[in-house]
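Below are two complexes that have chain A in common, paired first with chain B and then with chain C.
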Partner chain A sequence: MNVRSQVSMVFHLDKCIGCHTCSIACKNLWTDRRGTEYMWWNNVETKPGTGFPTKWEDQEKYHGGWEVKNGKLQLKSTSKAQTIFNIYHNPSMPTMDDYYEPWTYDYQHLFNAPEGTDQPTARPISMVTGELIQIEAGPNWDDDLGGSPVYAENDPNLKGLTPDQRAQLVAVERLVFFYFPRICNHCLNPACVASCPSGALYKRGEDGIVLVDQKRCRGWRMCVAACPYKKMFYNWNTGKSEKCILCYPRLETGQAPACFHSCVGRIRYLGVMLYDASKIEEMASLPDEDLVEAQRSLVLDPNDPEVVAAARKSGIHESVIESAQRSPVYQFVKVWKIALPPHIEYRTMPMLFYVPPMSPVMSNVADGTIHHVSDNLFHDIDESRVPLKFLANLFGAGHEEFVRYALRKQKAVRWYRRAVTVGDVEMATAERMLREADCSPEQAEAIYRLTSLCTFDDRFVIPPMHREEAIQMMEDPLEHKQGVGFGFLSGPRRGM
Partner chain B sequence: MSPQRRLLIAVLLALALPRFAAAQVANDFFQQNCSTCHTIGGGRLVGPDLKDAVQQKDREWLEHFIQDPEAVLNSGDPYALQLKKDANGIVMPKMPGVTPQMAEELLNMIEVQSKLPKSSLAGVTVSEQPFTANDVLTGREIFLGKHKLSQGGPPCVSCHTLGSIGGLGGGRLGPDLTLVYKRLGGRKSLGAWLTAPATPTMQSVFRNHSLQSAEILPLLAVFEDSSQQSQPANANSQIKFSLAGIAGALLGLAFMGWVWRGRIRTVRRALVSGAQRGAA
Partner chain C sequence: MTSAFPFHNQLCFIVFPYVAVLTFLLGTILRYRKDPFTYSSLSSQFLENRKHFWGLVPFHYGIVAVLVGHIVAFLLPRQILEWDSQPLRLYILEISALIFGLLTVVGLVGAIARRLTVSKVRVVTNGFDWFVLSLLLVQTISGVYVAIFHPWGSAWFAAAISPYLWSLARFNPDLGYVSMMPLGVQLHILMAFVIIFVTPFTRLVHVLVAPNPYLWRRRQVVRWYRSQKEAS
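Let's turn to the complex of A and B:
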C-alpha cells in the first residue's frame, strides 16, 4: 500500500444554477492576460450540449485519454514513437475555431464615430488578430440550449439513446437541461502528464495538484491533445501550456479556490482523500463497467488504523490525515456513493466527482387531472426528463446502475425530509424509500445537512499545506537571521 | 676561373637577370591567359598562331590591340575585323593585367619565342586518333561526376548541361556545352581551352584543380560525340524540369496528407455546416 493524499472535489449538480460566477472569478484571477483570452480553466456547460471546446467528449475526433490495447494502458493520442514523428505537427490538436476566437468590442467607435444617420455601434474585434470579425461561436455558445438543433442534438452523450428519448429531450413542452461546471480534474492517472515530452507536467506529491512547470514547458502541446477533458490550454503569447492550478496559492494559505469560494449555489466541496497509488495502473486497466467501483476502491478509509499507519509511513502529515477524516468529499464519494466521476471511461481517474442532478418530475395527465405520484416510488427516476442513459454516459461509462443508485438515494432523502418537516408524506413510506435506496435515517440526515445547510467550513476542509516545512527542503529559513542586509531602502532621518 | 672573370660573369648575370625575370613573367602570363586561344608555332586555335606576329604588324598597333581589342575593333580597323572573321566571330576579350609594360614584354617574349625552333608555348599536342566508344563512355562518366576528377575539381554537370546526357539535363549556371566542340573550333583548341580555362568563373574554380590530360581526352571525346549527335537542350527541358519539381512537391504533400489523414481539421465548423445542410 502506497498511500498518498489528494485534494479532491465534489460538484453537486442538483444545486448548480448556471450563473457562471465561478468562470468569471477564475477568469479575473488567472486568465485575464495576453495569450490566455480564450482559456476557461473553469467553464459551465449546458447539458445536453457540445461544451467547450466543441464536442470535447468526442474522443473519436480528439483522441484524448487512455485506452487498453493488448492488455496495456496506452494514451490514445500519442506514444513515444509517435511523439517524435508528430512533434512539429500534432494531428490531434483542436483548432482555434473549436475553442473560439476571443474578441472584444470597438468601444471607441461609440465616441469618435463620424456623424451619421444612425447610432454608432461597437463592432467585435478579434483579440488575436485585432481585425474586425464576425462572431461565429463563443465559449458558452450553446448556453441554456442556445442553438439546440446544432449543438444540443450533437452531444456525444446522446449515444445509445432511442430516437424517442432523443425526441423527448428536444420537445418544447418537455425541454430539459442541466448545468455541468468543469475544471481540471487533477486526475490520479493524468494523460497530460504522461504525454509531455519535456517532463514539464507533474502531479504535486503532497496534494496531487497537477501543474505545468513554466520553465521546462517547451510548448509541444502533446498535453493539449492527450487531456480528454480538454483542460490543457496553450498560451500563444508565452508559447507554453497552462492549466487550472486549483488556486494552490490560495489553498496554501487556507483559502478555498476562487471558483469554490465564489460559488453562488454552494455546489462545490473540497477535501483531502487518501488513496493507494500502487494500484492505479491495475484499476485503470479494468473493463469499462468496473471502472467506477475500481476508482472507489483506490480511495482509502482515513479512519482505518492500517491506512493511517501506512499514510504516516509515506510521510503524510498528521494534520493532513486528520483533515482527510473530516473530508466532505470522502463522504460523498465513498460513504454515500452519490458522487460519481465524469467520463471514467477515459481512464484518467478524475478526482473531481459530480452528484448527478435530479430532473423535473414527469407528470402524466389522466381523466383531466395531473398525477405525479405513482405506486412505484422511484418511477420518475427511470422516466425522468433527462434519460438515465444520458446521465450514465456522463457519469457511469454508459452503465445506469451507479447513476440510478445516486438519484434514488437523493430522492429518498428528499422524501424523508418532507416527512420530517412538512408531514404530507407518511414516515413509513419515507423509511421504506430509504431502505430501498440503501440509506439509513442517520445517513439521510447527514446528506441533508451537507447538501442544504452546509457552512463554509463544512464544504471546504482544506488541509494545512505546511509550506513552512516544504520550503525548508529548498532553503534555510534562518539563513539571513541576524545577517547584515544591504541597508535601509529609505534611511532614517534625524530632525524634523 | 680568375676572380676577374668571375666578377664579370656575376655582373653580366646581374644585368641580364631583370630582363630574364621579365621574360619569365610574360611567359607565365601567356601560359595562364593566352594559351587557351593562341600558340606560338603550334598552329591556329581559336585565335591565330602568334609566331612571327611581330613581323606581320607594327608594334604600336599590336600593343594597342593587346591592351584593348574591343576598342580597336570598334574603331573599324580593317585588320582587326579580318582577325575577327578568321576566328569565327569570336572577339578576343580584354584581359585584366595587360598594362602597357606587360604588353611590351609579351611582344618581346613572342619575338624571342618565334625565333626558337620549338617554342615552349607551342601548345599541347592532342592525339589525332579518332575517339573510341570507350573514350566517350569514360568522358561521360567524368562529365557526370561518377568518375571523380583527380585534382578535386567539381564535375562539369554541376554547372553545365549536355544534349546527350538525357534526363533532366545538367546545371544551368554555365553555358550549354552540347555544341562547344564546334563553337571553339575542334579538338585542338578545345583541348587547349580545357588545359587552362580562360573565363573568370572557370579560372577561379579550376586554378588549383587543373584538369589532367588523361581527363581532357575523354572529355573531348564526349564533347565531340555530343556535337555530332544531339541538339542543345532547349527551353522545353527547363519547363519539364519545373513541372517535375511541382509534381514532386504535390506528391510529397499528398503523402503527408495521407500519413496524417486522421488529423483534426475542424470540429465545430463541420458540425454547424452539417446541421445546416441537414436542415436545408
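Let's turn to the complex of A and C:
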C-alpha cells in the first residue's frame, strides 16, 4: 500500500442552477490575460449539448484519454514513438475554432462616431486580431438548449439511446435538460501528465493538484490533445499550456477555490481522500463495467487503523489524516456511493465526482406527473424524462446500475424526509424505500443534512497544506520574506 | 599558420565562427537560467491548423534530416567517403539529401506564406520571427543551390568541410580548403554561423529543448515538497 492524499471534489448536480457565477469567479481571477481570453477553466454546460470545446466528449475526433491496447494501458492520442513525429503538428489538437474566437466591442465608436443620421453601434472586434468579426460561437452558445437541433442533438452521450428516448428529450413544451459544471478533475492517472514530452506537467505529491510548470512547458501541446475532458488549454500568446490550478494559492491559505466559494447553488464540496497509489495502473486497466468500482477501491477508509498507520508511514501529516476523516467527499463517494466520476471510461481516474440529477422529477408518461404505484416505488426513475441511459453514458461508462443506485437512494431520502416533515407519505412506505435503496435512516439523515443544510465548513474541509514548513525546508524564509505568493516576480514575457 | 589567407576570409571563417559559438553557448545557457519561461516552440497551430500542416511538417522533417546528415558527415567523414565509393550509393545519398533539402524549402515557403496571410497568426509574429525566417530561407535555398550546382557534396563535405570544422574544434584553424570553395558554399558556411550566432536571441532555442527525458521517464510525474526520503 502506498498511501497518498488527494484534494477531491463533489458537484451535486441537483442543486446547480446554471448561473455561471463559478465561471465568472474563475475568469476574473485567472484567465483575463492576453492569450487566455478563450479559456474557461470552469465552465457550465447544458446537457444534452455539445459542450466546450464543441463535442469534447467525442474521442473519435479528439483522441483524449487512455485505452487498453494489447492488454496495456496507453494514451489514445499518442505513443512515445508517435510523439517524435507528431510534435511538429499534432493531428488531434483542437484549434481556436473548436472553442470560439474571443471578442469585445468597439465601445470607443459610441463616443467617436461622427455626427450622422444613425445611432452609432459598438461592433464586435476580435480579441486576437483586433479586427471586426462576425460572432459565430461563444462559450455557452447552446446554454439552456439554445440551438438544440445543432447542439443538443449532437451530444455524444446520446449514443445507445432509442429514437423514442431521443425524441423525449426534446419534445415540444416538455424539454428537459440539466447543468454540468466542469473543472479539471485533478485525475489520479492524468493523461495530460503522461503525454507531456517535457515533463512539465506534474501532480503535487501532497495534495494531488495537477499543475503545469510554466518554466518547463515548451508548447508541444500534447496535453491539450491527451486530456479527454479538454481541460488543458494552450495560451497562444505565451506559447505555454495552462490549466485549472484548483486555486492552490487559496487552498494553501485555507480558502476554498474561487468557483467553490462563489457557488450560488452551494453544489460544491471539497475534501481530502486517501488512496492507494500503487494500484492506479492496475485499476485503470480493467474493463469498462468494472471501472467505477475499481476507482472506489482505490479510495481508502481514513478511519481504518491500518490505513492510518500506512498513511503516517508515507509521511502524510496527522492533520491531513484528520481532515480526511471529516471529508464530505469521502461520504458521498465511498460511503453513500451517490457521487460518480464523469466518463470513467476515459480511464484517467478523475477525482471530481458528480451526484447525478433527479430533477426534473417529472415522468415521461401520461400527463407528465408522477403517479404513485405502490408495488414499485422507484418506477419513475426508469421512466424519468432524462433517460437513465443518457446519465449512464455520462457517469457510468454506459452502465445504468450505478446511476440507478444513486438516484434511488436520493429519492428514498426525499421521501423519508417528506414523511418526517410534511407527513403526506407514510413512514412505513418511506422506510421500505430506504431499505430498498440500501440506506439506513441515519444515513438518510446525514445525506439530507449534507445536501440541504450544509454550511461553508461542512462543504469545504480544507486540509492544512503545510506549505510554510515545506518552504522553510527548502529556502531561507527571511531571505524570501517578500517573495511569498504565486507566480513570477516579473511578468511572464513571451519568448522570441 | 593562417596568415597566408586574406583578412576577410580569416574574419568570416575563423574569428566569426568562434564568436558565434561562444555567443551561442553563453547566450542559451544564460537565457535558460535567467528566463526559462521564454523557452518555447511558440507554436501557432492552435490559431490555424491546415496550412500549419502543409508548411510545418515538410519543413521540420526536411530540416531534421538535413541537419542529421550534416552532423554525421562532420563526425564520421571516413565512413561517408567509404559509402560514397560506389557510384550507386553515392547517387542514393545525394538524391535523398536533395529531396529533404527541397522539402525544407517548400515547407519553409509554406510557413512564411501562412504567416503572411493568416491574420491570427500574424498577430503572434514579431520582427525577430521575420528575421529568423529570412535567414532560414537564404540558408536553405543556398543549401539546395549548392546541392544542385556543386554536386557530390557528401563526398567533398567529408573531405574538405569536415577537416575544416575539426580544425576549428581543435583550436588549430586551417582554412586550406574553405578559402578555395565556390562562393555559394562559402555563403552557406557563413550563414550557418550567423544562424548559430542569433539562436540565443530567437525562438530557435526551442531546438535545444526538444523532448528528451520523455522517452525514458516514467509516465506519471509527481513532485513532492517534503523530502523524498520521508515519502516512500
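Methods note: the second predicted complex is superposed on the first by the 462 of 496 C-alpha atoms of A that agree within 3 Å, B and C clash if a C-alpha of one lies under 4 Å from a C-alpha of the other, contacts with A are read in each partner's own complex, and residues count from 1 in each chain.
Criterion: contacts are C-beta pairs under 8 Å (C-beta built on N, C-alpha and C of every residue); 3 or more make two chains touch, one makes a residue touch a chain.
Keep in mind that what you see is a predicted model, and the values were worked out from it rather than measured.
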| item | value |
| --- | --- |
| First, second, both or neither for A:Gly315, with chain B first and chain C second | second |
| Partner chain in contact with A:Arg326 - chain B first, chain C second, else both or neither | neither |
| Chain B versus chain C as contact partner of A:Ser92, first or second or both or neither | first |
| Partner chain(s) touched by A:Asn154 [first = chain B, second = chain C, both, neither] | first |
| Partner chain in contact with A:Glu206 - chain B first, chain C second, else both or neither | second |
| A:Asp58 touches, of chain B and chain C: first, second, both or neither? | first |
| Contacts of A:Arg385 with chain B and chain C, given as first, second, both or neither | neither |
| If touched residues of chain A are counted for chain B and for chain C, the larger one | C |
| Chain C-contacting residues of chain A that also contact chain B | 89, 93-95 |
| Chain C-touching residues of chain A, taken from the complex the two chains share | 2, 80, 83-84, 87-90, 93-96, 128-131, 189-190, 193-194, 196-199, 201-206, 214-221, 224, 234, 236-240, 313-315, 467, 469-470, 473-474, 488, 492-496 |
| Parts of chain C lying in touch with chain A, wherever the complex brings them together | 35-49, 52-53, 56-57, 59-61, 119-120, 122-124, 126, 128-129, 201-203, 205-206, 209-211, 213-215, 217, 219-227, 230-232 |
| Contacting residues of chain A [partner chain B, same complex] | 50, 53-55, 58, 61-62, 86, 89, 91-95, 97-98, 136-137, 149-151, 153-154 |
| Residues on chain B engaged by chain A in the complex (per definition of touch) | 260, 262-269, 271-272, 275-276, 279 |
